[in-house]
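What follows is a pair of complexes built around chain A, which joins chain B in one and chain C in the other.
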Partner chain A sequence: MHMFYIGDHCSTWTFKYDFTFLNEQLSDFALSVSKTLSTTLHTGESQNETIEVLNPIKLELECTWTGDQDKLPNITVYWMKDENEIENSLFHVLMCIRKCIFISQFLSLVVVSPQIGDVREKPIVSYVGDYVVMTCKMEESKPKPSSWNWYKKNGTDEEQIFPAEEPRYKIKNEDEKTKLVVHNLTEADSGLYYCGAVYAIATTKSPVKLKVITYWEPLKPFLAILAEVIVLVAIILLCEKSQSKKDGATGNQRTYRYSYQEGNSSVRQRKV
Partner chain B sequence: SVRRSSDDADGPDGSWGWVLVGALFVSTGLVFGLMRSLGIFFVEFVEYFEESAQTISWISSTGLAAQQFFSPLGTALCNAYNARMVVMAGGCLAGLGLILASQATCVLHLYLTMGLISGLGWGLVFTPMVATVMANFTRHRALALGLAFSGIGISSFAFNPLFQLLVEMYAWRGALLILGGLSLNIVPCGALIRPQRRSKARQKVGWTSRPYATYTLAIVLLNIGYFVPYFHLVAHGRQAGFSEYQAAFVMSAAGATDILGRVVSGWFSDMGHFRLIHLLSFWVALAGVFIMLLPVSSLSGSYAALVLISLLYGFSSGALTSLAFAAVPLIVGVERMMGALGLLQLLESATGLLGAPLSGRSTLGRCTVLCLHYRKSNLHRVSNYVCTVC
Partner chain C sequence: MPPAAATNLGYTPPDGGWGWAVVFGAFISIGYASAFPKSLAVYFKEIQEYFSVSYSEIAWVPSVMLACMYGGGPVSSILVNRYGSRPVVLLGGLMVGAAMVLASYGTSIIQLYVYVGLIGGFGLAFNLQPALTIIGTYFQVRRPLANGLAMTGSPVILLILAPLNQFLFDSFGWRGSFLILGSIGLNCCVAGALMRPKAEAVDTTEQSASLQTEKGKSQSRSQSCVHRFIDLSLFTHRGFLIYLIGNVVMYFGIFAPVVFLTPYAKHQGIDEYSAALLLSIYSLADIFVRPATGFIGNSKWIRPRIQYFFSFAILYSGVCHLLCPLASGYVGLVVYAVFSGLAFGMVSALLFEVLMDLVGAHRFSSAVGLVTIMECGPVLLGPPISGALVDISGEYNYMYYACGLFMLVPGIFLFIMHYYNYKKLDEEQRQSVAVEMKTSEETVKLQIGPDDKTAHEADR
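Presenting the complex of A and B:
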């Protein structure tokens, strides 16, 4: 059985198994991937698996031949990264004692560091001169990163933010969440920021968008509403004045009659 | 004898009364509908000020308490001066509080502005407007109130997505500023109140008046239990094994039947087949029965039963609300109704505080904490249900 080590610098690897068989009458193989997951695949099935890991793992592929022991196939296995075959990964599996491999099955394994699921799509808005708090959280069920970093996207690069160098920035880290506080905002601070959860295997990055606006933005609709209120009040009061002028002219006295007499009579009834 | 002229728009049950119903609809929507939708801001406050949900929830508790506490002041000012000025001033204060809140740099500022100033404004608006509308109607009083109060539920349904949008576009500062502007729309509502001429003989509402004292006690007791189902329904549903969505849907459905109950009971009461007080007792008793059935229905494990009982509870609790207000002038007379309502609201704030230790936490605070919890878990639809009903 050939061992394959993923190595220390892997980020995303896709493993595809493409097995051609000499004997098409083989059927029902059990494929097990030990240590990280185990699954039983049958002929014709394909499967995608995503495994989130902290450290580089040793991926061992083992299969158990459950068919006729006399009919073990001659199988070629090679590893691919993306679309290319990895050199020297070709090997032949000949004699296996109850361990052999496969038929036409595809197994994709994506090995990554724990991902941040909860991504806020809408930008966080704040004002020039104000401060803003940007938060990133790793789900409770996932392992906690050893530390957190923050990056700002500058053109095509991502520059890490160091609060020691720029006191405008403050980073507050807790095990499962991190906060970036930016004081004295300017419009230039708008843009894309990334929080990075640092794991031994890789740093998971999650984007956070910041938009800095001036007070004029909300002031526009506010002034519009204020104008509407003033206009309404003016209309109501003017209408009433013109009504009372008309009534004054025709000698009609508009008094507002309460139905207080009715009220009094019901108070006298003790059985209320 | 009852003087009623059907062709005089200013008289009781005249067409101007319905204009005032519209004004009450809008203003109660801007007061209570707004208060109920503040949950959206609380998430932002927790992040920005880095305070706990409990601390932030006191903002709405302060606002509601202030509204109730200042109600007698509002009604006293109406009796001394006139309702139009008081309501317009209240609208200005409510707006001012929110506008100032947009500039807050600490949570204390929010307590003072969104809580105290806006709460004072709301206190000067709600009870005077309710009293004014009731004074305008005799035959259709309960229906008028029912229609107007439906504005609370409808506006909180509308405000939730609106506030969400405002916060996304302008952050909480800009959104509060715009909200302050929106609240100023209470001012034209107040302007619609026509200045009145009233008899000088004004009697003080005495505690010794037995019907009033009895009624007040009844309402006070009612308030202790009134909100309890809404808060515990969700927790209850979860304990009974239902998902968060299912539990929150139940609350939302109860809120919808609440709106229906208000309008239907008002309409039915005005038909005159039964006396208002009897109907009020009926709805209160029914609401009590359904509250008692609530834990039974959820324990039975049947989701359908829980939904049914909650719908029925929502309907009966909405039904009693319209009548509870409409009963006041029947008990103390229209002349003293203003003052009586004010006092009633003040006492409701006391029971609000009483109910807190009884139901475990500050009632509005608990609601807010629930609302925040769902928002944090990013269950947006669930949180919309919960935050709306609260």
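Presenting the complex of A and C:
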């Protein structure tokens, strides 16, 4: 069978994404916006699109022939998934459970659950014996997850954290954000944590790094700077003392006064 | 011609020598006091999450700090009047250090208000005031330059503190950073150690000494009690009142434009990094112009009429802000950042020099204390009022117009009032010179009188 790739005979493509729920039980989490994304692909171009969805969606791919209406070609369009042709997949009906990647000559679609944009690159630093609050927030404009989970990376695995089992951990969930509070930190608590925003389609995970250090770490620079201050102040004051001794020895008539110098000037002249 | 409010110091300030070390100490103290409250913002988000408080609750920390720094002015003045600058700055440095160390062990947001806000704020007040005061005791001829150089500490230290705080936060979290900031704050003690109390050089002849002690006696009795604490007679001083009124109004509009520069740029669609670059451009213009302004203010054409220079700087700032809404695109905003950075630097460099020029070096300590406590209100209210204007109108234009007016009107006011003040001062100067000549004539006559014979004999 001869394969025609999408776009061979079309000069414009209109992609319609219709978020219709195939499972009525999930209608609680309905996202009732129907998005139409129009994009113009010219022959030979490739494009990446990322769509964030909550639930399985119906994806429609529509091709509009803008060339000569008389010369309408006979087009066969196939969806392919991972290099396999999907049977009976002409034009529509797509069921995605988790993540689907469609690679065509022209379009690569990545369909995922809503992503957390605001990721903190640098680790949160806290101290042994102290507590730490790690937060994750889903953007206002995106749909709110049904719940939040927290995971800790152990080797290559991600273990979910259950506060019921370990009272050291507390999870506070609000609709659009979550907080993991870890009490009585130890250095072993350092590492990578994930917050998971649970959606029907998938759980979005976002990493949060934690670094636990002892109080000795900041104490080192503190003591160093403290020493520097003491040394400098001592040098300055000693220099001044030795200079005043020299002045006294050479019979200089200057008198040093350390009280209300900048105050009662009118009284000054009297104190010769 | 020196300014009409003479130093009345009773000695000739060195205008150099150890004075430059004092300027460096003042640079550190003034710089730290001005820059520290602004640089703490990087910690707020994490502290907010740690203590589970709202943004407005955490914003109280720098507000309390600013309030105490400005409100603590009179306390600082009283201490400086009694003990001189050095002990007060040493105390201030210790307070700032201790405040941050205590805060690093804090277990509630209230503790942060007390440690960082109250103790830290007063510690900063004990740095700012005395540093400004001591410059007046070491410099007279080159004082505008010295003041300009010392005031440059503010943007320079901010330029150092801002990335330093980011680095500390990334490495140590907020607790460790506060601990280290405590030790950094102790460097104000080093600045204080440099502020050697000025030695008096008594260089008067007997004749003039007796003349001066005559005046001194009568003045001292009435003023010494007050000078020990704070000189409230300043409220009858014409120049002081002009300065006070002009400055209090001006302070409503002085800080908001730079606070809102980055959000305004982003609102216009400019990306985050370019918007941050605007602030850097502003700071560089500020750093450059402060010593330059000091130098210009020192020149023989400007110095006698330096109040006009200050009024001009305020007027120019007002015009800058009024024109800001006309700036289109990124290039327009860069131009605005340069010009308003220059404007802010000019005003800052002259801010305290003109007060010294008006009231004289020995009353300056009390004067600056009284001025800062009056400025407390506008400093705290200015940015929130501007913010409210932005929120209500949805545009930044009205905020810039308002700030522009808050500076334009005082600028014009100061120009007019100082024209009148200079005229009055010239009159008073002429009168007092006439009186002095008469008095010295009489004294000479008296002295020569009984010794007439001796003088005649000596002349032979």
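The rule we apply is simple: the second predicted complex is superposed on the first by the 164 of 272 C-alpha atoms of A that agree within 3 Å, B and C clash if a C-alpha of one lies under 4 Å from a C-alpha of the other, contacts with A are read in each partner's own complex, and residues count from 1 in each chain.
In the analysis below, contacts are C-beta pairs under 8 Å (C-beta built on N, C-alpha and C of every residue); 3 or more make two chains touch, one makes a residue touch a chain.
Worth saying up front: this structure is predicted, and the values here are computed from it rather than measured.
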A:219 contacts which: chain B (first), chain C (second), both, neither? both
Which of the two partners, first being chain B and second being chain C, lies in contact with A:178: first, second, both, or neither? neither
A:130 in the overlay: touching chain B, chain C, both, or neither? Say first, second, both or neither. both
Scan A:118 for contacts with chain B and chain C and give back first, second, both or neither. first
Classify the contacts of A:204 with the two partner chains as first (chain B alone), second (chain C alone), both, or neither. neither
Contacts for A:232 in the overlay, against chain B (first) and chain C (second): which applies, first, second, both or neither? both
If you lay the two complexes on top of each other, which residues of chain A touch chain B in one and chain C in the other? 122, 124-127, 130, 133, 135, 213, 215, 217-219, 221-222, 225-226, 228-229, 232-233, 236-237, 240, 254-264, 266-267, 270, 272
Note: in the complex, chain A contacts chain C through residues 122, 124-127, 130, 132-133, 135, 179, 213, 215, 217-219, 221-226, 228-229, 232-233, 236-237, 240, 253-270, 272
Which residues of chain C touch chain A once you look at their complex with the stated criterion? 8-11, 46, 49-50, 52, 80-85, 133-134, 136-137, 170-173, 175-177, 179-180, 182-184, 186-187, 189-190, 193-194, 196-202, 204, 209, 212-213, 215-217, 219-220, 223-224, 227-228, 361-362, 364-365
Would you pull the chain A residues touching chain B in the complex into a rising list? 118, 122, 124-127, 130, 133, 135, 213, 215, 217-219, 221-222, 225-226, 228-229, 232-233, 236-237, 240, 254-264, 266-267, 270, 272
Residue ranges of chain B touching chain A (in the complex, touch as defined): 1-4, 8, 10-12, 47-48, 50, 88, 135, 138, 168-171, 173-175, 177-178, 180-182, 184-185, 187-188, 191-192, 194-199, 211, 277, 329-335, 337, 378
